[in-house]
Structure formats: C-alpha cells, structure tokens
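Pasting the structures here.
Presented sequentially are two complexes of chain A, the first with chain B as partner and the second with chain C.
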Partner chain A sequence: MRLPLKSGWLLVLPFLLLVGGLFLGPILNVLWISVTEPAPGFGNYAQLGSSDTLRRILWTTLRVCVMCTAFSVILGYSIAYAMVHATGPAQSRMLGLLLISFWISVLVRTFSWLMLLGRNGVVNSTLDALGIISAPIPFMRNELGVLIGMVHYMVPYAVLPIFAAMQSIDGRVVQASRSLGGSGAQTFWRIYLPMTKPGVVAASLVVFIINLGFYVIPAVLGGGKVLMVAEYISVQVLITLQWGTAAMLAAILLFGVLALMFLMSRFMKLSTVFGGART
Partner chain B sequence: MTKGNGSLCLTSLSKRYGAFTAVDNVNLQIEKGEFLTLLGPSGSGKTTLLMMIAGFQDISEGDILLGGVSIAQTPAEKRNFGMVFQGYALFPHMSVHDNIAYPLSVRRRPKAEIDARVAEMLDLVRLNGFAKRLPKELSGGQQQRVALARALCFAPPVLLLDEPLGALDKKLRVEVQAQLKEIHRRVGTTFVYVTHDQEEALSMSDRIVIMQNGRIEQVGTPADLYQNPKTAFAASFLGKSNFLHRDDAVFALRPEKIDLSPEGQGMGANKVSGVVLSVTYFGAVLKYQVEVPGMDPIEVDVDAWRSGQALPQGARVDLTWADSAAVRLLDQSL
Partner chain C sequence: MHDKNFMRETLLQGAQAFQAGKMQRRSFLALCGMAGFASASVLAGKAEAAASEIVMWNWGGQSEECHQSAIGAAFTQDTGVPLKFDTSGPLQGKIKEMVDSGNVTADVCDADLFDAVALGKTGHLEALDYSVIDKTKTIDGYALEFGISIILYGYAFMYDTQAYPDGPPTSWADFFDTAKFPGTRSLYKWANGSLEAALMADGVEKDKLYPLDIDRALKKITAIKADTIYWGSGSEAQSMIVNGEVSMGMVWQNRGRSIETETNGRYKLVMNQALAMPGAYIVPKGNPGGADVMKFIATAQSVPAQLDLFACLGMTPTNPEAIAQMAEVDQPYSITSAANMPMIALNDPTWWGENTDAAVNAFLAAIS
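For the complex of A and B:
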C-alpha cells in the first residue's frame, strides 16, 4: 500500500524538527544577533568599512584559503592520478594510507607538525646537526606553518572527488587522442584535464568551504600571528564578549559559502559535484 | 588523398605475457589500399595484434614495417594511423566539429584548412548539420560515423578498426557495413578491421585473416576461404560445415552443397542414406538434420522455394554431393 503524502511528511517529521530546532534555529538566532547586538541596525556590518583589523582578518582568511585550496587540489590531483594508474593491491594500499590520514584527529596532526617543524623540532635540529643551517628555519607561527598544516589536512578531501572523476574516464578516450596524433601533453591538457574538471571543481569547492571555517590549525600553527575569521569569532565570543561582531562575521562566512555555491551552480549541476547521478 | 605508403609488413610478430602467448609468430603482408579483416573468436589475439600495430602494445618479438621502414619503436601518436575504437571513444566534452578537427588541431594546422577539411569529412559520413552537437546527443550509428570521420580526417595511410559495429543493432549494422565499404573505396586508405562476426568479414573484406590462439589459421579472399578452408577451425568459424572421415582424412562439406532427395531417388558421385532428425524453416532455406549410420548428424540446407514441400521428420532420404563439394582438410583427425 502506498502512503498518502500526508503520512509521508509525518514519517520525516522528527527529523524535520531536529533540523529545524537544532540547526536552522541557531543559525537564524546568529543572524538575528548580528543585527540586534549591541544596538538594532546594521552597525556590526558597518564595521567592515571602518575597521582595518576586520578587513585584515578577512583578507588573511581569503588569501590563506585560496592558497591552501590551490596547493591541496594540485597535490590531490597528482595523488589521485597515481592512484588511478596503480595496479589493484598498490591502489588499495594507497587508498588505505590516504584514509588513515583522513581519520587521524586534526589536533594530533597539528601538534605533530609542531614537533616536526618547531624551532627545536626534528627538521630544524637535523638540518642544524648536519651543518646545513646556522639558524632555525621559521616554519611555525607564520602563514607558511598554517598553510602546511591546512594543506596536509585537506589533501584527502581533494583526492577523493578527483579520484572518482578519473576512475570514470574510459582509457580508450586517452588512447584515441594518442592514435590521432596528440602528444602526452596535448592529451592531458585537451582531453584528460577537461574530462576530470567536475572532480576538480568539486574538490576545490569542498576544500575552500572547509578552509573558510578552519579554527584549530591556524590557532596552533599560526601561534596568534595568523588571525583568521574562525579564531577571531571565538575570541569575540569567549574573551571580549562582542557577540554582535562575532555573529556578523559568522553571517559573512555563511553568505560567502552560499554565494560560492550559487556561483558554481551557474556553471554546473551541483548534484554532480556532490556525487549525484549525471544526466 | 592518402599520404604515404600504406603497405604494412608484420614479420615474426609475437606478444607474450609471462608464459602466455597472446600473439604467436605472425607473418603478414598487408597491401596498400587493402581492406583486411582479422577474424577470430574472443581470445584469438586479433585485438592484441591490432593494438601492436597501433602502438598501444609492446612487441615481444618480430617487427612491423610501414612502407619498408620499421615502426616497432615509434610511439602511437607518431605512427599517423587512424583508429576507430570499440565504443567509439569520442571526446565527450567536445562538439562533433571539434572531435573531427582534433587530429588536425594537434598538428597545428591553420583554422581555415581545418574547417574545410571537417566539412569535407562530415560530407563523407553524411553528418552535415551535426557539427555543433555533442556526442551524447547522437545515436549510436551517428557516433560511429563521427569516430570514422575523426580517424580519417588527417588522411592516414592506414586505418585500424576495432569491432566498430559491435554496439549497433543487426539492421543498422548491415547498413553501416555498406557505408564503410563505400568510404573505403572512396578514400583508398588501407583498412585493418578486427571483428568476430563472420558475415561482416565476408561482406566487406578484400582478404580475411582467420586467427585462433594467437596464430594465423588461414589467409585468403572471402570466396577462397569459404570454398577452400584448410582446417576444421576455418571451415566451422567461417560458415557452417559437416565433417566427413574418409580414408584417414577429414573433409569439410558445406550444408548447401549437399542435395537431399527421397530415398532411392538420389543421384551423385557420393551418396549416403539416412533419416530426417529435424527440419526447420528459415524462409529462404530449410535446414535439415539427417541421421546417417556411422556418422555425426549431417546438416543440409535446401532452397525452400525450389524444393517445395518439406520432407517430414522420420522420412528416409538420400544425400548426394559432387566430388568437388567436399574439401580435404589439413587436420588429420578431429
């Protein structure tokens, strides 16, 4: 027997309540705070025009996110390419290694980098012992450190959608290009890369969106020197108690992500980016 | 319009994977402008052989000469062979025009020349007006023609075709076979065609190479192979055959070369008597299975129109045939 539409809604009602109460509610609350605290109006948003600090933080966030996305996707593309062309057992091993790094807590990974790349870390002390450097290389407490940590965290997110796109390519298409006179480089730029474009776009989108909200890595590896939006929001909420500013920044992040997805949807079907069936 | 010498010479060509030999000591001369078909069941090595000619498979032993020059070490993209793949392998993100233009555009030809040539190719495969479509907007038969146009666009001396009609339905196939043959006649390129479909091989080829287990079983014109098979495999893979054992030799006898008549009325150099096991009506022919004592059941094809009423199952019949109808095979036994 088919359920009439009404009882269908009844079945998903608990889930709708959960989403509405625990997800949409708080988001609307944040948006509300951003235009009411400390005084009603768009005063918080006006700070974007007046405050150099806020502008600098947003600019840093954008710059780090773009660089991290670029490096992660390029690295991810190379890894996915190697995986697709590896034979069965080697491919499983590579996928295993990738997933292990995927599963290790971001805290563990971030502090590992601190141990490796700190002033007295393994890398600096080894180079020093070998006499290659006289002063420690400043890896940490700067954008380089944040970038290393973030790229390391994001690479698996970049690999998986690109890997899926590469797997769906028919090898005969590549052979066809070669048989028609296309060199290796021509085949890559004109055939292979365009055919993996959906995977690259998906990877960029996912990596960039996750990057925007990064908190732990910039806080630990940046050592307070690289202030990004998420960390600044937490400072506003927990220390200076300027909830209005914090809510405004959160709203900006939210709209930024939505705008990005809207932009992407103009170019391609989002369902393909997120693994839906291609039509 | 073909440039270069399209004659191919394969000498002692072999391909081994460890202990397995996919292509075993193949020697073959392919003439310029010839339509040559590699025919065999799956696993016979025909596709591996084609991939070796194309440059996608390494050669274990032997050599490939194009117009007398070895191309064994030449990478695929430098061989200038056109290729039509099983499943067509069109570039899904490019329009029909860009697909066909690809071989010229990677050779950095001027745009005017490319556009003129693409128009000419669209004309050849009768797809005028489809230039802006994407491959997924075309039917299977149309995609197949785009693949052909793309492979012929740069006037290659040799065109390699790997079961290009495999994905088409029967009716369309016959139609495309005729078109392919016509295109071959017009462009004068050497065609090397791989198929497992004997009808396709018979109807299109100048010569057929029958392959089995990586080896060449027999080479010849369609008529030559059909009338004079040398082995039981050739006789049964290309058409149907009855096998007769006489004086320690094996003979192949085509079903349509046997005359069937009611018992006592048979006249011919060779005659056996038997009982009709079954008779099946196929429109143009009646296919009889006849039980003859001491032999495997013999298959006989009879012209349904000329023979009139079919003889019923269980009828006693005489089978007769001329001496020239039975072909002695090289196989000593089966």
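For the complex of A and C:
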C-alpha cells in the first residue's frame, strides 16, 4: 500500500516544526541581533571594514582551517587507502581503532599533546637527553600546536567519507587500466583519484566546516596567540557583552559555509557527495 | 538537576540497549516519551519548589564543597533553607542572558565586583539590602549598591627558583625584563590583572593605576610578546608553571600556596605588587529565593565562614575581624595581611565595570 504524498508530509510535519522551531528560530534570532544590537542597522558588519583585529581573526581562522583541512584529507586519504586494501580482520581492527579515537574527548587530547610535545614533554626531553637539541622545540602554544591538535582530531572525520567512496569502486576498473598499459601512477592519478573525488570533497567540506567552530584546541594549544573566530565570539558573548559583534561574526561563519556549499554545488552534484541517489 | 541527569542517563542506557538489540523499538520509543513527559513535570516542580532553597551559581569543583561547608552549613542551620549549586560559571553574558530570558534559576552569583558595576547599571541585578548585610564587614569601597566583596583573590606571579639562582625577580618590572631574567612568561589572556601588572612594571605607582592607560600597558605587554604565553583558566595557569612551560608565570594569588607545596618550593610566589581582586556576591534580578539570599550573604560575612573559605580555597577574607584572627603561618598568603598590605595594589571595580569591553578587546587585538 502506498500512502498519497500529502499524508506522507503529515507524518514528517511534527519533525519539520521541531526543526523549524528549535533550529531555525535561534539562527534567525542571531541574525536579528546582528542587525539590532547595539543600534539598528549594519554597524556591526561595517566593523569588518574598519577593524583590523576582526579581519586578522577571520584570516587566522581561514588560514588554520584550510591548512588543517589539507593535512587531514591527505592523511585521511592514505589511511582510507590502507584500510580499503586491508583484508577481513585487519580491516575491522583498523576501523575499530579509528572509531575509538572518536570517543576521546577533546580536552584529553589537548592535554595529551601538551605532555607529549610540550616544552618539557616526552619528545623534547628525549631529544634533549640524546643531545640532538640544545633548546626545546616549540611545538605547542603556537599555530603549529593548534594545527597538530586540530589535524589529529579531524583525521577520522576525513577517513570515513573517503573510505566509503573507495569501497564503492569496482576493482576491475583498476585492473582494466593496468591491462591497457597504464602505469601505477597513471592509474592512480587518472582513474582512482577522480573516482574517489566525491569522497574527497565530502571529507574536505566536513572537516573544513567543523574546523571553523573549533574553540578548545586553539584556545589551549595556541597559548592565547592564535585567536580564532569561535573563541572571539565566546569572549564577546560572555565577557565583553558585545552581542552584536558576536552575532555578526556567527552570521559571517554561517554565510561563509553556505557560500562554500553553493560554490561546490556549481562544480559537482552535492547529493553524490553526501551519499544521495546517483543519477 | 539530578532528576534531569537521571532522565538523560536512563535514555542513554535505553538507546544503547536498543542499538545492541536488547530492547524493542516500541519499548524504546515509549521510554523516550515518558522521559520527555517526566522532565517537563520535573522542571515545573523545580520552579514551584524554588522559594525553599538558595541556589548559588559558582564555578564548581572544590569551590562547591568549600561554599557548602563554610557558608551553606551555617546558613541552613540558622534558616532551615538548604543551599544548592549551579556550577556552570556565572559570567556576565550568562547572567544577562538568564535575566533577559525571564527564567532566573540562581539566587547568588560568585562573581567579580566589576560585574556588579556593569550589570547593576543595565538593570540585571537586585540591589543589596544593607539592613541585613553589613557594609563595614568588607574592605573600604568594596560594598556597592549591587554587589559586595566577600573574599579577595588576586593576580601575582611565581618564578622558578632553579631558573634564577642568583637574585630572584621581585617585582613586575623584573617580570617584564626579559634581558635580565630570560625565559618564557605567562599572563592572563582576558586583560584583567595583566594590564595593571604592565603599568606597575612601567613605573606607575600602585595607588595611581586607575584610570588605566591601556595603550601604555599594551606597549609593555607586546614588547615581551615573543616570550609570553597566555592562560584562560586557573588550572591552565597552574599547569604552565608546574609543567615547566614558563620560568615566571602570573597566577591567581590564592593558588600560589598550593603550587609552592606541590612543587616542594621550587616555584615561589611573589606577593610584592600583587593586585587584590574583590570577588563579590551579586543577585540576579528576580531571583527565585527572594529576600532570603540577603541572609545568606550576611552569613558569608561571618568570621567563621570567612576563615573556612580561606582554609578551603585560599581566598583572603574581606571582613577586617576575620583578617585580624588569621594565624601567623597564613599571613604571608593573605593578600591583605598587615605585612602584605603596603605592597599590594587594589583593583578598581568601577573602572573595570565601565571599561571591560574596550580593555579586553584591545588586549586580545594586541596579543593575537
């Protein structure tokens, strides 16, 4: 039996209302605050033109997020490649390890990195004891530290979509390329990589968007000098009470992500990226 | 709070059982429905019962136990009203949001006196009832219309005795002198205290700090930026020191003693030019517990409560009578003891209450 379209919509209506009320409501409220506090108008947005600080914070955020996305996706690609080509139990073990890393809280990771790579951390003190370095290498409390922490957090998010894309590739395509005289490198660059592109794009989008909101890792591993948008928004909401500025920056993030999705949609079908029906 | 947590745990366990196939879909959905209904009634019940308790909004951890034993126990004994806690941290933005939303669930916030100035002005706080609370049981100038200082914390610095074996640093001028005292330093990243320290290092008299010359302070701070890292919480400040990340680090003064003990005296607290900060109790507008909260604040001013808080958290009493009764061994760590008083600077809550936004944002712009 097939329900007519109308009653199907009725079934999802409560959830649509829930999403509308609990999700869109607050977002609209943020947009509203961004044009009404402290005075009606676009004064908050005009700050982007007049404030070097805001521009620098946005630029830091963009720079760190792009670098983190690139490293996470490259590492994620290699891990996914190894996982796809591993057999049975080995593959499950690898997947298990990957999923376990999702459960480790961001605070625990952050402090583990400090213990490992901090000024008196395991790595620095070992290198020092071996006489390789005379002064500790500054891995942490700077932009490098933020990148290490963020890439470590994001790699599993990059692996999963790429892994899914690789799994759906028919191995015979690769064999066909080889039997027609393609070298290993040619087969990878011209056959394998293009076929995994939806996975790579999905991974990049997911990683980049999650990165934009990072708060704890930059705050702690950056030593206060790597100020990203999320932390700045939190300070404006909680300490300086500049809610208009905070809402404006939140809106900029939102529009930035939407613009990114739009750009992507010009180049490829987003539904294939997110595992929708392939046409 | 606990009821809500219980519901959440029940649901989580249900969800796990459902995922593992140990629970039928139908039972799981029924559980979800019941939990939703039950939390609604729990929340309603909480609102009705609110008048029979005082909720303190603080930062949790050790301070919850300490406030309960030092103030809560005596207050409940006197009034029969229990003390409960919300440990999510009463930052200005959260208090403003709570009052604006009309759903006020806290009676008293363990906040800063400059919060009383900032939020009092905008109508987010109840005026204190000075017929119940005693204005004379605090430091001069720290009993304001919308808040009163109950304890003092402060900003001071600690140094590594092994880094500076001949001639340790003794002032903020030494702290900012990276030529004479090489090594990494740490400062508080939300401006407070860091600006005052920089000005004292630059030669401003400790009783002529306010109004703060922000530009002058930032010049001093950016001059040592390459050798500075910045902390956002007391535990972060502490770990920077005990893990050897810094040779000199700013700390919340009340933590200095435990760091000295923990490191067997390797790191030493310098009380000279410490900045005393008035920690204050403020009451959100329309607090559910009503006027009873004033009795609670009065209880916190009593000598036993003040001495207990010092023993438990290291926060210096503000009640002169309690200060006078402090043991000899505790005097060096009490920021307003007779020996320390001539060396320290006193924070001006009015300046900070009116200038926090400008100061914090200028500071963040300079260090990032």
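Heads up, the rule we're going with is that the second predicted complex is superposed on the first by the 264 of 279 C-alpha atoms of A that agree within 3 Å, B and C clash if a C-alpha of one lies under 4 Å from a C-alpha of the other, contacts with A are read in each partner's own complex, and residues count from 1 in each chain.
FYI, contacts are C-beta pairs under 8 Å (C-beta built on N, C-alpha and C of every residue); 3 or more make two chains touch, one makes a residue touch a chain.
Remember, predicted model here, so these are calculated numbers, not experimental data.
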Q. Putting chain B and chain C onto chain A via the overlay, clash or fit?
A. fit
(Q) Just to be sure I read the superposition right, which of the two partners does A:V220 touch: chain B = first, chain C = second, or both, or neither? (A) second
**Q.** Partner chain in contact with A:L114 - chain B first, chain C second, else both or neither
**A.** second
Q.
With both complexes overlaid on chain A, does A:G8 touch chain B (first), chain C (second), both or neither?
A. neither
Q) Should A:P38 be classified as contacting the first partner (chain B), the second (chain C), both, or neither? A) neither
Q: May I ask you to decide whether A:G25 touches chain B, chain C, both, or neither, giving the answer as first, second, both or neither?
A: neither
Q: For A:A176, select first, second, both or neither according to whether it touches chain B, chain C, the two together, or no partner.
A: first
**Q.** chain B versus chain C, judged by how many residues of chain A each one touches
**A.** C
Q. Between chain B (first) and chain C (second), which, if any, makes contact with A:I191: first, second, both or neither?
A. first
Q. For the superposed model, what is the least distance in angstrom between any CA atom of chain B and any CA atom of chain C?
A. 38
Q.
Identify the residues of chain A that lie in both the chain B contact region and the chain C contact region.
A. none
Q) Which bits of chain B are touching chain A when the two form their complex? A) 54-56, 75-83, 85-87, 89-93, 102-103, 106-107, 150-151, 154, 160
Q) Which residues of chain A touch chain B in their complex? A) 170, 172-173, 175-183, 186, 190-191, 194-195, 197
Q) Residues of chain A touching chain C in their complex? A) 52-53, 56-57, 60, 111, 114-115, 118-120, 141, 219-220, 223-227, 232, 235, 237-243
**Q.** For the chain C and chain A complex, residues of the former touching the latter
**A.** 91-94, 96, 118, 184, 189-190, 225, 229-232, 236, 239, 243-245, 356-357, 360-361, 364-365, 367-368
